[in-house]
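This report refers to the structure that appears directly beneath it.
By letter and in written order, the chains are A, B, C and D; residue numbering begins at 1 in each of them.
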Amino acid sequence: MSSTYGTLFKISTFGESHGPAIGVVIDGCPAGVDFNTDFIQAELDRRKPGQSRITTQRREADEFEVLSGVFEGKTQGTPIALVIRNTDQRSKDYGHIAEQFRPSHADYTYTAKYGSRDYRGGGRSSARETAARVAAGAVAKLLLAHQGIQIQAYVSQVGKLKLGKPYQELDLSQTETNAVRCPDAEMAGQMFQYIDETRKKGDSIGGVVDCVITGVPAGWGEPVFDKLHAELGKAMLGINAVKGFEYGSGFAGVELYGSDHNDAFYTDETGKVRTRTNLSGGIQGGISNGEPIYFRTAFKPVATIMQDQESVDVHGQPAVVSGKGRHDPCVVPRAVPIVEAMAALVLADMYLRNLAARL
Amino acid sequence: MSSTYGTLFKISTFGESHGPAIGVVIDGCPAGVDFNTDFIQAELDRRKPGQSRITTQRREADEFEVLSGVFEGKTQGTPIALVIRNTDQRSKDYGHIAEQFRPSHADYTYTAKYGSRDYRGGGRSSARETAARVAAGAVAKLLLAHQGIQIQAYVSQVGKLKLGKPYQELDLSQTETNAVRCPDAEMAGQMFQYIDETRKKGDSIGGVVDCVITGVPAGWGEPVFDKLHAELGKAMLGINAVKGFEYGSGFAGVELYGSDHNDAFYTDETGKVRTRTNLSGGIQGGISNGEPIYFRTAFKPVATIMQDQESVDVHGQPAVVSGKGRHDPCVVPRAVPIVEAMAALVLADMYLRNLAARL
Amino acid sequence: MSSTYGTLFKISTFGESHGPAIGVVIDGCPAGVDFNTDFIQAELDRRKPGQSRITTQRREADEFEVLSGVFEGKTQGTPIALVIRNTDQRSKDYGHIAEQFRPSHADYTYTAKYGSRDYRGGGRSSARETAARVAAGAVAKLLLAHQGIQIQAYVSQVGKLKLGKPYQELDLSQTETNAVRCPDAEMAGQMFQYIDETRKKGDSIGGVVDCVITGVPAGWGEPVFDKLHAELGKAMLGINAVKGFEYGSGFAGVELYGSDHNDAFYTDETGKVRTRTNLSGGIQGGISNGEPIYFRTAFKPVATIMQDQESVDVHGQPAVVSGKGRHDPCVVPRAVPIVEAMAALVLADMYLRNLAARL
Amino acid sequence: MSSTYGTLFKISTFGESHGPAIGVVIDGCPAGVDFNTDFIQAELDRRKPGQSRITTQRREADEFEVLSGVFEGKTQGTPIALVIRNTDQRSKDYGHIAEQFRPSHADYTYTAKYGSRDYRGGGRSSARETAARVAAGAVAKLLLAHQGIQIQAYVSQVGKLKLGKPYQELDLSQTETNAVRCPDAEMAGQMFQYIDETRKKGDSIGGVVDCVITGVPAGWGEPVFDKLHAELGKAMLGINAVKGFEYGSGFAGVELYGSDHNDAFYTDETGKVRTRTNLSGGIQGGISNGEPIYFRTAFKPVATIMQDQESVDVHGQPAVVSGKGRHDPCVVPRAVPIVEAMAALVLADMYLRNLAARL
């Protein structure tokens, strides 16, 4: 088990979906950061369930308590512990699957690894754990705000519905205006309807979250193994249901010639070195180059569906897993703040590590 | 700079393309592994330049020396240091770019981060560094061979030429029979011709490397942050020129309904729990489930091309970067052993970490 | 700030003396450990204040809550979060020192490092934080109990009063029979009286805690940097007020000839390799050799005294620090369970790391 | 095995006493450090054998080669690999002990842990490995020199011969004027004679090395677990033959009252906060306070002696270990540069980590 992430801005999350609480300890946040509790709560509210009829109806207040590390409104350089109580656990909803392995969930693999599992919901593998990441990510965002950095994620695809526009052509300020979190209102409407229809069928569908980061100066990232995009990729792939990650030109860039793919340098009117195109995605050789950083993260359809499915039980006998309880028909609207949070955690760590790059 | 990877099977690589040597220290390889130097050399030979006319003509013998950690043919549990001398450095080839930033290379970002750069070739950012990874990965493979694990990568796409078959329909024993390292002979021929034409134009082209890993038992991987696929993703994204990573159904899985995507469990004739399909890619909840693990890695067209390109110099003045020297028109044939090596390093670490999972 | 310890059995503590709570997250405890809450509470009770008139009268119930990682009485392999609420904070006791630097406390250095400090008591530097270590150490002890390991610390010196007997001549089962935690009843009586007299003078005095660990098999420890005794030393030196650490023959061994110091090997009646003497302290080359491990830890007189002292305030102006509030006149009786806890954390980590030593 | 030390200034050493070479990779040295190869060689020369008749007559040139990380006389921020070839291996000297466990050496414990050992000399457990640390420590010293930091160690005790003066009363510039490395010429003479007599008897004797560090600003150190003195302690205890560590008042401080032990603060004429005494050893709460840092390290008599000793062989049968080969009768003169090197490595890491302490 590794629930610890980061070299200098280090977080350690804990908690199961149906235990008393989830939470996180942040060890390494510099002293002097303005600790805005309203902002942190707002970030948690973006992730919490029950925001619209296309998200799970499980109700969690997701209110957090600060146990340490903050004094007179500022971080102290000491560990910051944040705890979120689980209030709507309804373990009874899950009793029927205590002895079954749900298809494409982590029931079987946790049992194989640890010899047993907490069968009340997803236990540790539940996406509920990501609330702790969002809380920690919010603190990272507060740190990064001192550096002028902005992180904006949005939904670019739901099932076969693709936004089909690069980030440069979008007004990202519109992202939070709709339940899908797609900055294009028309596409957002189509996506909403599609997700809702999927929900009614008791099924689920996948999607893609894009993310754009502005304000990162040239120089962040730690090659050769902790390249900025490698850490971003690891962080995204660590989110539940993620199946793929690409940055800059990504998989599509494979089909280009180098002469089309290379980003020509020029010096702008302020004397800053820029690139005319940004197929590099703001990162070259694993280090930020000052251009906007952008990447895409693919989410599979969530495994919980309201249909009967073939499976086996913990004794290896055939079993039918029935769909009960509450679920998200499509995870990407609620994944938007999680993607941002993980990106913030990566960048906070890279910011601090870069302080030691040279005399 | 972080040139260290791994928690228990830990490697630390070093070396610039035009310095005296590159190499790696492996700290944490268990004692008792059969240290097969012929195998390690063979792996290095798979990566080395000059294998055919579609790879760079730079000549490096890539012979390695063992400085420590091996005694009487066995690893000792002590650090294993492997060194590969640079024999064909030709610094003069690079003198003309000492003051220029080559587009989509790491020249600018290294300078921004460190205040200077080793302008003899790519310096630390050169793909030459990956030879050290291949050597370390070969040792990891020797460790994993004791566990019955096999790692096989192959080229599945070059530019727009796609193999278009899942791994189950391929005969991976054919991969090494051609210079492209595509297991389908006909497609390999087309790819070879395409790369060669690209080379003649002085241009470069991207590609995709797929990888299949068999023999991994259920239980490897360390959620929530060090999920098996998250570590594989980080490792792949740490390879030069990689722009994307996906495992199992990947980006395509986004378009499926959960009812089509979920892998039904069953018990096979030997009593082993299996899945009927493998869209999970052998990993559920970040932990291996015993099915074959597979993933895909996207490589951009390499930045070095034999054409003039717009850029700036270290003083911010406009400059024209001319194409000289030797380069790979398409990196994926030589990337195959690198992908395998990085996968082996991830798995070796996960194997050792899993020993502590339960009493 | 680094409040994280351990490579595999990793803990992350948090909390200030006068904040809402202190606690710890344990990431990496194997699944399957019997989680005995009564034992953990008993360990906390050994450390808590107010046990006799020679310890601080500050009252803390030190009751802990388990937030995660335990299900049906067993650890799950997932992070274990333990929280202890601060119930007797009395911030008013400390208001008078908000602007002063207390001599030989961490007030000045925390301010120098972080730019500010939580002046309510010791904040993060308070020994109250060690309650979280004791809780985590108790979990480590439960893990080690499965391996038959016993850790016993005791007070061997208070001021100039020295026990003067090696561990082999002591009955360690008597340690907990007196308030001083010295296994020799007569010496314990003298020490108690001495501490009490020191208390009445408003002064404080130092002491030494010895520790003996039995049941560790040969092979634990990770040279060359993470030698078993080096990790024990770091762990002990990380406890508040510790000024020195020695193991085996320690500083006294300096005066011996090699011919007197070397521990001769022999094979005992069961065929086990043993040593006739144990000046090595159970560790050779940084690895346990199967003999009892023993070490000694020196604690300075605690800095808080009930006397006026010369100092400066946060503006650099002269100030007189007055002794108020509650304090421990001698820290070693309550340090005994802390020493044991830290030793348990080191050994738990070394146990898990050693699983990867060889095929 | 953990041959890696450091969080940001990270080193990874390798090599056995009788293999082809030893060396170190430094990952994380900032770019821009003046890389003075003469200085590094001089540091190695201080440690190398054969300096006088009271050190081992084994001859090693200890010349190092730089394989990477340096360009045009400056560090590049990339890994620095340093290699020292073993030139005087004489494996034959050790053939007679291939099957024996030498008392108080690491022969038995390495075999117990790894299942076999490199019996040519100490293998990995040989003090020869410390040459790599001295090389790395020299680079750390070069980094610290940019911060005005000076590290000076010296011999303060050999057997029962004690210098008996605090560092404030010594002229440390005299340390290198004699073979013992004691700054007091008269005591140095007595010590030399005593070591020489011990050598003639075929025996060995222990000693103490003190170390004083000046120029460290207030604020370095990472509580609660990575306190500055805890890291120094771990680093010292990781040196071969070390049995104890104390800083500031150390074990002697145990006997003092708090009213005598506390260091009163005052503001000096330059406005700097100082302490009137320095029993804290320059560190309070695990963080440097700007006063000189000092500590003491106890070395046992080295285990190799020129006498017959009782032991067992690898089959558990009784055996007599005969003294042959070459050895150091007292390790402390050559340990002086090793102590300094390890201190430099700790401080370099703490310096870099402190950069992230606050906004």
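The definition used in the following text is that contacts are C-beta pairs under 8 Å (C-beta built on N, C-alpha and C of every residue); 3 or more make two chains touch, one makes a residue touch a chain.
Just so you know, these numbers come straight off a predicted model, no measurement behind them.
Participant: Let me spell it out: compute each chain's centre from its C-alpha atoms, then which one is farthest from chain A's centre?
Facilitator: D
Participant: Looking only at C-beta pairs in contact, point me to the busier pair out of B-D and A-B.
Facilitator: Higher C-beta contact count between the two pairs: A-B.
Participant: Take the average of all CA coordinates in chain A, do the same for chain B, and state the distance between these two points in whole angstrom.
Facilitator: Each chain reduced to its C-alpha mean, chain A and chain B end up 26 Å apart.
Participant: Provide the C-alpha centroid distance between chain B and chain D, rounded to the nearest whole angstrom.
Facilitator: Their C-alpha centroids are separated by 39 Å.
Participant: Can you list the residues of chain C that touch 2 or more other chains?
Facilitator: 1-4, 7, 13, 28, 31-32, 77, 113-115, 124, 353, 357-358
Participant: Touching chain B in the complex: which residues of chain D?
Facilitator: Within the complex, chain D contacts chain B at residues 1-4, 10, 12-16, 19-23, 25, 27-28, 31-32, 65-69, 71-72, 74, 76-81, 83, 113-118, 120, 123-124.
Participant: Over in the complex, which chain B residues touch chain A? Could you list them?
Facilitator: Listed in rising order, the residues of chain B that touch chain A are 1-5, 7, 13, 101, 103-106, 108-110, 112-115, 124-125, 129, 157, 159-160, 198, 203-208, 217-227, 229-231, 233-235, 237-238, 243-251, 253-259, 261-267, 271, 273, 275-276, 279-281, 283-290, 298-305, 307, 309-312, 316-318, 353-354, 357-358.
Participant: Chain A touches which residues of chain D in the complex?
Facilitator: Residues 7-8, 28, 30-33, 77, 143, 146, 352-353, 355-359 of chain D touch chain A in their complex.
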